[in-house]
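Note that the chains take the letters A, B and C in the order they are written out, and that residue 1 is the start of every chain.
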Amino acid sequence: MTDIPRRDPRTEWILRNRLHPQYDEMVAVNSGPVRGPTGLLRKNPHAVGFIGPNGIKRIDRSAGLTGGAGGLSSRAKGRSAQAEVELPMHRVEQPDFYVAVVVDLAGGRLSSHDKDVLGQAHQLVKAAEGEGAVVAVALGEAREANFDKAGADRMVHLTEVYGQSLTGYCPEHKLAVLEAVESELAPRYWLFPDSVHGGADLGSRLAARLSERPVVHAWQVDADHSVCRGGSQLTDWHRPTARVILLAEECALPIDETRHEAKPIELASIPKVTPRIEDLGQVEVDPSKIALGEAEFILSAGNGVRDWSQFHEVATALGATEGASRVAVDDGNMPRFRQVGATGTWVTARVYVAVGISGAIQHMQGIGRCDKVVAINLDDGCDMIKRADLSVIGNSQGILGELLRLAESRQSGTELESPKATAESTEEDRHVA
Amino acid sequence: MSPDSFPNSFSNPDLKVASLISVGQHPKSGRARRASQDARAVELGLKMAGSSSRLIHVGGGDETGLRQYLGMGLPEITLLEADGRADAVPILVRHLKEQPADIVLTGIHAERGEASGMVPYLLAEYLGWPIVPRIADIQKVEEGFAEVLQALPRGQRRLLRVSLPFIATVDNAAPDARQYAFGPARRGLMDGVAVDAPVDETRLEWQESPAKPRPKRLNVVKAKSAADRFKAATAKPQGQGGKVIRDGTDREKAEAIMELLIAEGVVR
Amino acid sequence: MLLDWLLPALVVTALALLVIGAIRRVLLWRAGQPEPVNIIAGLMAMPRRYLVDLHHVVERDKVMSNTHVATAGGFVLSMLLIIPVHVFGLESRWLSIPLLIATALMFTGAIFVYRRRRNPPARLSRGPWMRLPKSLLMFSASFFLLTLVTSGFLPENFGSWVLVAVLLVGVTLGLSEMLFGMGWGGPMKHAFAGALHLAFHRRPERFGGGRSTGLKPVNLDGKLGVADPKDFKWNQLLGFDACVQCGRCEAVCPAFAAGQPLNPKKLIQDMVVGMAGGTDANYAGSPYPGTDVGKAEGNPHQPIVDGLVSADTLWSCTTCRACVEECPMMIEHVDAIVDMRRHLTLERGETPNKGAEVLDNLIATDNPGGNEPGSRMNWAADLDLPLMADKHEAEVLFWVSDGCFDMRSQRILRAFVQILKAAKVDFAVLGNEERDSGDVARRLGDDATFQTLARHNIATLGKYRFQRIVTTDPHAFHVLKNEYGDFGGHYEVLHHSTFINELVEQGQLSLDRFKGGTVTYHDPCYLGRYNGEYESPRALLNALGIQVSEMDRSGYRSRCCGGGGGAPITDIPGEHRIADMRVDDARKVEAETIAVACQQCTAMLEGVVEPRPEIRDLAELVADGLIIEAADSTAPAAQPIAEEVH
């Protein structure tokens, strides 16, 4: 469901056409009182109010019910108004100290991990005496990064240093920026997300440069004391909190009740470095060649697949990594390293599409850690359907064929999308308006 | 396991490759074993420099764990014997200064202890070498530069060019370590050289305890209205019985699937 | 006369050549590793082993058995008589008439050999073996006629010198095949090597109705497995030489039938090539499926794998022992294969596919799946099983095996627990103290891991008092029973089929009649061929009122499910799957249920795509048929059992 107010073209169209059989109804719904043929004011009692979440009709007499002219969904309007509530602004005029948070900005956005770390920074600020400011250090291009809402009082945002873009892999330049921040702001803490997106790397580099012994894999941090996960996730280490902290995911709650200034800070000078690591760019990786265990989107084939060339085409068109059930492998239709399951590879995909796989127990074990499972199967009683988040019952060949056409039309840009979004919103309206 | 998704590792027997190895532990049984990332580092070293690549271990020399590295087909381990509580970094710095290497490989984190993953960074800082984290492969070494494939999440790769000598940590995405065999493991040499190193005093003050299960974050809904709170409380938990589409054309079914794929962001 | 000196000269020359060839052959065998055997006792026992044990196997084919008796008996007798009659010229009717009879007998046998060779089945080797019947005929006919001539049964100067010349040519050819060929690698080599092989067999326990199926342990401080042909024990090399290339092994080998690159006959012949040096170009039998003949090359000091045989050949074997069971020369194919696997795993670290991972898991977690060692009892969380650690003493120790981690096998285990409880058996389990029996590690060639596991298990078992061990896993059963002895673990071990059958016979269980359709029974290799238990499972099924409809291949000829010897782990591709072929066997007898007695077989057969017969373990069938109310224990307890069901 979305908060964006949606127009209903059909309603608008009916409202433009006085001869439409539903014209009166629509006018009644949308513009309140109507005059009858005798000039009497007519009210349509059915059009008043809305159905509440518990199924009982509710009449809201507080605001103008007729405000939603032109088919604008009053509910959607209400919600969007709600989302625009101004959060209180948290201001730090003269900070006594700084806490630096170096965000990953993976894909240009603040990840939930980044936000957790910012939340942690505010906890440390609160615990300390004096007024502290959280400096978000963002290196590289940022898109839709709401630093103010995520809790950045101050910002160091650089997209390039001496002509070198900071968006790719350039830890040496980034380290130089951090050193500049260190020398100019001398943050009380340096917080990094302990992540594979660069946070752990940069944090370790800074710690080594500053000869600080960092707190790593930290999941419970306060001003004096930290709890960290040890090797193989088997131990916890209780130790004093240090200056450089690499924080695990969900270490603290993100900021969600205040807005922050996100006031930019200009760095006076950044040391110049000669990088010894050069980023030659991301390598094109054929999704079909990603190892199964790593793949995030798997299209998996079982005994129910008949047309194998079609299956491969769909996988290519969707950009999915191919998987297979044991039977499909045994029958020689797929190579052995594509086998998913307890006897094959345990997969961790975010989306796992099982085509014609009924779901032997070993297979189900192997996909236990998948997020969303989609099943295409003829037999609606099979175990895979019981596990799946979305199941479609039918012949895999036909459905794959349609899927292929959809994927291809998406690629070529000719969206033959039916007005799904509108259909959805009108459905919502039916419940609410 | 994985197919040859990328060209095979570069190989040059003259290259001086050293792998820093530690004793790992099995996540289920806690039993000592070769650490999986370190073993991948050894594998990469073996592929690049054959059996002339060196294995270096600092510490007490746990037999079972270390012998598994020898079982991969290397003749010996340079065992720098030190107290288990000693700081490995100064020992390694000294050793690498005495017997230089072009490429030093190791795992990202240890499987035991604090597992801070700082050793390679500190080595790089003290030796003044560049460090490349999380590599999947080394594709080319020529004219004092190496082309290194860095592993990114979800099977993605980035190509980096780095000057020799350098330190690299090896990601789990690197090729699986070869099987270790009993025979070579038994025969391999593990002659220790006693080195003196200061005990890591700071660490002694820390407390170690078995990992406590971390609380899973609940989906806290800060609802603004009674209706929203009601909805949040009664919403069906995810994953309990999915949606099943029985009727409709193939087209509609395919659209339903496509919608999910787009919503999940796997189809862009 | 020409004959007077030429004939003895020929015979003596041939005998001399035989002796020289034989010595050379013996030297080839002696390149192997020492293995103590009792030479005198072996030689003394040889005739009995030959006449009784070997013919017991040969007799499975009656015609061939008689043919062999006639031909071989005739030949040995003739040779013994030719020496006095023709070499020393003793002229006595007491010698010449028996000689005539012997050669006639041999001739008769040779005719049958000839007839079979006219249209030989695919499993027989061609090449020199096609020549053999002719040589046999020539030898026997020539000596028959010559004896007639020389001993005066025919008038002096009968026929002409032409006839004599023809006979001499026949004698020469016959002698060169029979004696020269015997020493120098011709088809007749089998007689000489075979006789000695029987005398010095590595498993003398197999003779006289005994059974010896446990693998021999590796000395972990010595040579690890077999790299070159010379690393085999000398009597193993001798055994390879005994092969008659009859191809019975090939006919029963499940891997060969599935089109995997294994042919036991070819493998043994390749070992012979490796021992003698050379190539397999002269091999004239079926190849390894998908591999051309003529490229294998080897010598005693050259690695076998990737010269003589490919590693895939060795990893295709399911260790089902069908070839060994079928071999009339009692050659030990499985020992040889595992010996070579040991080298691959222990020295080279080249266990294919999932092998390395499984071994890794066994080392780190004591189970092949890498499951948490402390979760072995999770399957029985609700069953309240008595633990040995608490009881210290029980009548029966229930060996749970690694089936505890597999959800399908857990159903079998639960069924068996139900039976144990119904029969009020005093039992206990080891719980988390139990470790994998080591079966898989050992078949994959990792004897080091096997020995570690075995020693741990033996130490654990040593802490407790129990009378017998019962297990539902034939692999664990075999290992506990036959392979722990080498490390000091001697136990009375029963498979659950035997044990349940005992309970039924003693009236401890009352069973309802089975209400299903046709049932067939699949003999697990490790229960049947390895341990000779064919009867109890069938008796048990009878007790359930089931008339077992036997598959073509059942009992000692049962076809493997494809799950043994780590074959599902090493997973060598073939054209078919062994499990599919086995289920087809069952479909042929229109079985609706396949009764099995092994969780590995269950997993393999259930892996066959439906529709297929239902797969039920004996324990499950019995548990379904249990009549729980113990009030009337007299009625159906003593069902008619022990009906001959072959």
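Methods note: a residue touches a chain if its C-beta (ideal position, glycine included) is under 8 Å from a C-beta of that chain, and two chains touch if they have at least 3 such contacts.
All figures in this text were calculated on a predicted structure; none of them were measured in a lab.
Top-ranked chain pair, ordered by C-beta pairs in contact, is A-B. Averaging the CA coordinates per chain and comparing them to the mean over all protein CA atoms picks out B as nearest.
With centres set at the average Cα position, the gap from chain A to chain C is 61 Å. With centres taken as mean Cα positions, chain B sits 27 Å from chain A.
The distance from the centre of chain B to the centre of chain C, each centre being the mean of the chain's C-alpha atoms, comes to 46 Å. Listed in rising order, the residues of chain B touching chain C in the complex are 26, 28-29, 31, 33, 71-73, 178-184, 186. Residue ranges of chain A in contact with chain B, taken from their complex: 52-54, 82, 85, 168-169, 172, 196-197, 200-201, 204-205, 207-209, 213-214, 216-217, 219, 228-240, 250, 256, 276-283, 285-287, 289-297, 318-321, 335, 337, 345, 350-351, 353, 371-374, 376, 380, 385-395, 398-403, 405-407, 410, 418, 420. Chain C makes touch with chain B in their complex at residues 220, 224, 345-351, 355-356, 359-360, 363-366, 370-373, 446, 448-449. Chain C meets chain A in the complex at residues 353-354, 369, 407-408, 568, 571, 573, 577, 607, 609.
Interface residues of chain A facing chain C in the complex, by the touch rule stated above, are 303, 326-327, 330, 332, 336, 342-343, 361, 365.
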